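Report on the following structure.
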């Protein structure tokens, strides 16, 4: 008899564990973290909950992999959270909730998130307010100043070209025996940080992607050539397959990379882990034949259409996107603001060293220098398809498996096939 | 205790017929032994009775009740397996008690019965042991104990002694006989060893190729085998067989004429026959009395008696038993005499020719 | 020659160490290094600071910069071994570094004026320090206890269900003759090779339709019926003597009792092997829980732990430390069940 | 099982586990007795089979059916009802090749590259795995001091999750990893293991052998210990050369275990995904891209989650696996005959 009771107790416990007690309105936000932003968000949400006793927000932190791979499946199945922090705005636009009807001050949102709202909307929609930016990212180079000094090579100036930087970095690397003169994250987004300056437009007149334009070709050729001439190491682009991301942040921290094309998001971490080992700076994006623009990007929180509590979601979003709160968020996470008002005023980054603050300033300025083409590429619903095809195939070309021409043919074919699949109804 | 009636039992495994048309009545309290060469179907028949195999045809009645379609557990029988089938993970006590627990008897009742059986089988001091820690004979007794406590309608034994060494086998045989005398249950016992059959059985059932060849008391089978098979199977060393015919002057003659015997009085035999004579009914004799001569090929001296293996002139093997210690040597020619009263005659179909 | 023969079998000449023995022990010693080394490396790495993790050449032990408090300086200063222009070597504390020049003072005599040293001439002095914060910090941050409990519930319940239903099926397939048996066997064996990865989406659909999302049952149930388990147990049960089952039947045991009282206890070694594999598999499972569990109340440890993998950064120091934490129960299970596992596999009728 | 009634295995006396099983199972005695009463003794076979079949049906066969339906539909919607029927398009796309021997000539070149890599990996891995496991088993089969310890040492990695295994080794093998540290210390040049296709494949095989060898070693060890010692004594009396002892006695008698090991290694190798993926990321280029990785990425990692194409590829892989299983069955039958 006792045994039976025990068993029943265990079953009840399991049942309880799987069906939480519902208190007031509970909203769920699916979240991922690169650094401390999860803690900061939790802190801000606590503040929200204190002011709004009827609403509770649960932060479900997942590996980033789940945001890109599992969340779309869950949303497609009608499952999923009330809000989510995502990066593939175009791909998930159809699941996004239009907050506009529930917002107290929609014009304010439009004013401050205007260009980014376009990224989040479904094609053709010009009014929806799906969410706000937790960070704007912008690609750009990080430079190991100490290595340049040790090598006695001058750091190229503000309007220097890619070629200037490649030569300088190679010279430094040869002198100080750094294995990666130039490092690029293995990421389509970073690749376009180069391609835009080479004149890549990516999008045709009909809004559909046309990856292999002149600028794209030039950029791809540059990447492959740099690998051939030892300016870049195959370790990043050539060592993994498909869409896998590889960053060089660890190598950079280890002082093995004079010139690292990554972006604003590295600053917080470098500030913490490089410490006193060497000096580093952020530099403006080198210039190509077309312009000196990098790529914008970023992550944002969107409301999910399937939510049962749209009004409450809007309330939370309104709170989080409000200027003082968002400003605090950026300040504590060392993110580049994705809020036009805050960007204009500037963010008083907390706990950042002089070095990090300077770097953040460089990236903040870079936002202003972005080419409109770069915004269009980032905002296009198909951009990630092109990004993925690009790194997958250029990676193969870097590894020497296929020629650059074949790679570009494959990219066109891959993109065309995926676009067709997505539009199959 | 109960009787058993088998009617027209047939059993096939796919196309292979293992049992055909078995009819048998076993009386209450009787000890019946099934013997036969391996593959004769004796174990299958036992398993059919147990309910472990379903019959293809025929019916089984226990205690007057038709149990043909009942499962093993419902027939109220107990079985001792050749391998003993003791549960290796249970103590001797639990092994014996297991069936009683399944019958949901009260604890005290179970305990009393187990202890009674253990005392009877001298297992009391081993009750806590696992079967793995017992000797062969002890395991055998546990297996019997497991059957005894159940107080079954019929005990079934499937070659229970075949895994014991010779000495233990004789001892256990006696114990089994004693057990039957003590509890008086109906017992059905399968063996391929005719000594066991002869010593234990009230009645023996000889099986061959799925059929009953003969049913009878041990002496019946020994003295009046119904056919060549039974004659050859019962008795050790086996009965001698000599091909012969009934001659014109009413004598039995071998084709080469070297053996010439009087026909037993009143025998109805004619034509081709097989003459059977057990080794103990052939004896060395003086040349004058000889019915035949054999060339001695092998002499086995057992101390109390000797066996001589030889051949007749036409090459037919002949074995004889002699009370002498050293009756002959290899290669010797020896005159022998047949006891005329102990001749068995079989017709061309192998059936005994009875006066 | 007979010594070579003895390599091929089991006897060793008593009291003598032949070259084959030396070879064998050498091989085994190499094995120990090769098998334990990487895991030890993981454990040591998990105790390194983020900076030390990325160092090259890597140090085996967790080392950090040694610092010293010097009067007149608010923060502790880094200690370096410095080669001075005159060739002598001295331990100095670094006040600041600008570019490739470091400003250093003698901690023993802080009043003396600071000297400037090129950075190549200094070598940091380091000491062993375990970065326990790799463990304590994430424990504060994430609900380790809850994830641990969820993992435990999943692992235990799933293993019990797996053992139960697979052994029942194995019992049916090993002991009975019945119509459809061959079809059932074929089904079991035919799916032996299908990895769950390739049917993830359809299984997700099924689980969603059953309304199991975000319940631990969504993780527990789908993998409970494993062809491997049925196959392994059946093979083992086939080696049990039929007499035992028949004896039990004669002993008036019901079929369920035969299964639970006779066959299950005798199948313990095979059950133990299946249990081990089920435990390992469930404890380590990642892709599937990630697909069906989205609420942090029901996260398993593997999801929680991998949350340190972001889009652009992975917090390796936390990830490694938490990995070591998840390994601990595995190591415990192994230590206690080692004998069972190793002899169990040997006996599971893998023949 | 010996016929003399000895227990089949050494079972601990009234072990806790067996008492627990008994106690828990006792709860079900009565309900099961009623069921048996209702369906009869023979019907119990189906009762015992039922839960497993139910689970199998729900979580294996139904999904396989859905998968098949998915492979015939297109688009990015998840529910079958919302997916347009495209017939054999996905299969045609997968099979569209200039030459099947050259993955680069195929429309879905990564699928074929995956197939060819998987075959390569499987072949190398089988040789390496069986070879190492056999040697280790032979060594462990000797009268070695601390045999239990060594057996455990080799088995230990079997318990680690594939992700952890790959992570550990990646940490060791990367440019700035432990191994290159050691090489540099010894005065050598760093080797970029994950940039050279040959090295990457080598380490992929090495790491999977490292992780799983212990399991197969135990199976082989069990087989070795079942070989009667007097056979070796007889061979020694006959003056048989050691190599002949190995090839004429040990290996033939170990054959059944070797077959099991070969089959299991084969099954696992074809299914390989996370271990290699975490270690090499499928690179360099596509040199270690496995077919399961292709399927996973097509369904999940690509921005357009092409469930149809992935399903078609998995159906193709599934049929290949089924054929392999049947081959295994056939071999097992022949062995039994």
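By written order: A, B, C and D. Residues from 1 in each chain.
Going forward, a contact is a pair of C-beta atoms (placed from the backbone, for glycine too) under 8 Å apart; a residue touches a chain by one contact, two chains touch by 3 or more.
All values reported here derive from a predicted model rather than from experimental measurement.
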item: Chains in simultaneous contact with subunit A and subunit C; value: D
item: Chain whose Cα centroid lies at the greatest distance from that of subunit A; value: B
item: Nearest-to-centre chain - CA centroid comparison; value: D
item: Whole-Å separation of chain centres (CA-atom averages), subunit C against subunit D; value: 18
item: Subunit A and subunit B: spacing of chain centres that average the CA atoms, whole Å; value: 90
item: Centre distance in Å when subunit B and subunit D are each reduced to the mean of their C-alpha atoms; value: 55
item: Computed distance of Cα centres, subunit C from subunit B, in Å; value: 64
item: Overlap residues in subunit C, where contacts from two or more other chains coincide; value: 54-56, 201, 205, 241, 254, 257, 261, 265-266
item: Junction residues of subunit B - those touching two or more other chains; value: 71, 82-86, 88-89
item: Residues of subunit D whose C-beta touches two or more other chains; value: 8-9, 11, 18, 41, 78-79, 175-176, 300
item: For the subunit D and subunit A complex, residues of the former touching the latter; value: 23-24, 27, 74-79, 84, 86, 93, 104, 107, 109-110, 175-176, 190, 192, 194-195, 197, 200, 280-289, 293, 297, 300-306, 308-309
item: In the complex with subunit D, residue positions of subunit A that touch it; value: 3-4, 68-70, 72-73, 76-77, 88, 91, 179, 233-235, 238-244, 246, 250-251, 254, 256, 384-385, 387-388, 395-396, 398-402, 406, 410, 413, 417-419, 421-422, 424-425
item: Residues on subunit D engaged by subunit C in the complex (per definition of touch); value: 1, 8-9, 11, 15, 17-18, 21-22, 25-26, 28-29, 32-33, 35-36, 41-42, 44-46, 48-49, 51-53, 55-56, 58-67, 70, 78-79, 135-136, 138-139, 141-144, 148, 150-164, 167-169, 171-172, 175-178, 180-181, 184-185, 210, 214-215, 218-219, 221-223, 225-226, 229, 232, 235-236, 240-242, 245-246, 250, 256-257, 260, 267, 270-271, 273-274, 292, 295-296, 299-300, 307, 310-311, 314, 317-318, 321-322, 324-325, 329
item: In the complex, subunit C residues that touch subunit A; value: 50-51, 54-56, 78, 94, 97-100, 119-120, 141-142, 149-150, 153, 157, 201, 204-205, 208, 213-217, 290-291, 294-299, 303, 306-313, 315
item: Interface residues, subunit C side, partner subunit D - complex; value: 1-2, 4-12, 21, 24-25, 27-28, 31-32, 34-36, 38-39, 41-42, 45, 54-58, 60, 164-166, 168-169, 171-173, 175-176, 178, 181, 184, 187-195, 197-203, 205-206, 210, 221-225, 230, 239-241, 254-257, 259-261, 264-266, 268-269, 276, 280, 283-284, 286-287, 302, 323, 327, 330, 333-334, 338-339, 341-342, 345-347, 350-351
